[in-house]
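Quick one: this structure, given as structure tokens, is what I'll be asking you about.
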């Protein structure tokens, strides 16, 4: 059978099977995003700390996680942690791995966002009689958020794409289902193309959104 | 168009630049609505007029940085930017255009120096690559031109280390090094701080005294009056009044010109 | 309890030479894909800014798709799909190494196309106008004026891409290329020492990528100073 016939006869089956992987893909992505949003902020604050030792700690963390492949980090967590006495489930390993990795990237986004707000903004707010906390709340944070929104959206896209490697530690998401389907039917062309299309349906609109946010931010500045 | 008579070249022989009924549209917007102009060899012409009157577009068309929608431009009776075929006129290819642009120098409002090259590099690159001069010849010529604009001591500096006035003088030297027949100045001083305008105008005045042919778009009314042989007033895409500086600047015929001059002097 | 120093003392003389041998394959994949990505990137950057709408649309679609796909998925598609779509052609030469390099090259081409394009667009349009007003042809203005300036703008993001690429080669283990990551897996599971082996491998990747990231930061700083 040729490719198009396969697509006609089995396409619907492939598509519905692969769609079954979306919930797991999305869970891993949102879980890791939440992890990274929180932990990345911690790293960013350490990075901007007054104490040298904390700064060095944060920099080492960032350098290590940006300097090694996410796949290796996943393997250390999933296959290595049991040696140290903790056996994460595949899902936990995926969230911890992508979350730790993403924290390193997000912390740099946070840092750039905070540093982009001119010191004069804080001073102006204080001189008007706002408390530091109120100044942060009404003046600094709203500006920093607008600066950070486009890169955070881009980061979310990267994270979503990165979930395609977590089948290597046993998470049953889209790619895992795709590989199973190929073993079952040997129709790699149709299966992988459909899987690719599923990702594109989400990543392309997100990328356009990020580009639009970035344009808005530039117009606003 | 018959309303305004172009001053015919008083000297015998053909004019250096002849513009015939030039029109330029950007989409729906017609920026030039039929401009005709002749410039004799050695003549200095200042073009003045409110913003949006088409001065800059006219200048850019002469150098074919913009393609005219219709109308023709001649340098010494040779058609510029297009050629005549059986079916009419066709635009030249980029390569053919490049050939013709060598003869016309253009000084930009924002200098447009090449930031990755030194002052000397800026002045010598085109003579080397376009005219095919050797490096030595080009540098010799480049040095002379930089000295002429008073920057002999800055030849090794990069543009970012130069003031705006110095940058614009390098840009003028860059054009001079090509030994053009005609020089176009597009508001060459309007991007400069007031205290830097003088040094650029001084260089331009010197060129004028040496007999270069210049078309100058400017807001410096006094300078225009002192330097030019003829002042051209443009409004809404047309030349509405032209003549000797004394006449146009001090005894303008049209109310529109008077209004503009009054306006600009109050600034 | 885990005694990493002891494990390394006992095993490193066996592990390290083997892992270093396979990291050469990793470096080889990275270099070949990099060259391919630069070539593809230049072509698509030119098409993306071309005068012809059809070329522009094609380049835009390619760039969007290649950037939108997870690299693993792209690797699987490149490696498995063409032989099945065109079974009559000779696919003998298309081994896992070729699949890896083409897959990474196609992905990198899309990234670099955007990098190159923004490098060229970052230059004021006056630069091109000044060049052609001096009588340069478009090709001359590209060669002497636009390219030298764009190269300086583009160098740091290209360096960042190279760092990412070096790490992404680890994904080639998933389509069966015998590189550093794949070898690490086989040692880890043969010797029942996943923690020790994968940490060691992480260190090897780090040693390879860190000099690159230092170089990129140096270039970024220099650019900021000179502008």
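Each chain gets a letter, A, B and C, in the order it is written, and its residues are counted from 1.
Quick note on the criterion: a residue touches a chain if its C-beta (ideal position, glycine included) is under 8 Å from a C-beta of that chain, and two chains touch if they have at least 3 such contacts.
Since this is a predicted model, take the numbers as computed values, not measurements.
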{"item": "Distance-to-centre winner among chains (Cα means, whole assembly as reference)", "value": "C"}
{"item": "Most distant chain from subunit A, judged by the mean position of its C-alpha atoms", "value": "B"}
{"item": "Centre-of-Cα separation between subunit C and subunit B, whole angstrom", "value": "48"}
{"item": "CA centroid of subunit A to CA centroid of subunit B, Å", "value": "55"}
{"item": "Cα-centroid distance, subunit A relative to subunit C, in whole angstrom", "value": "20"}
{"item": "Subunit C-touching residues of subunit B, taken from the complex the two chains share", "value": "63, 65, 94-95, 97-102, 104-106, 108, 110, 112-116, 125-126, 129-131, 160, 171, 174-175, 178"}
{"item": "Contacting residues of subunit A [partner subunit C, same complex]", "value": "3, 63-64, 66-73, 75-76, 79-85, 157, 161-165, 168, 175, 178, 182, 187-189, 192-193, 195-196, 199-200, 203-204, 207"}
{"item": "Contacting residues of subunit C [partner subunit B, same complex]", "value": "124, 126-127, 129-138, 140, 144-145, 148-149, 152, 226-227"}
{"item": "Residue numbers on subunit C that touch subunit A, as the complex places them", "value": "1-2, 64-65, 67-74, 76-77, 80-81, 84-85, 163, 167-168, 170-171, 173-174, 181, 184-185, 188, 193-196, 198-199, 201-202, 205-206, 209-210, 213"}
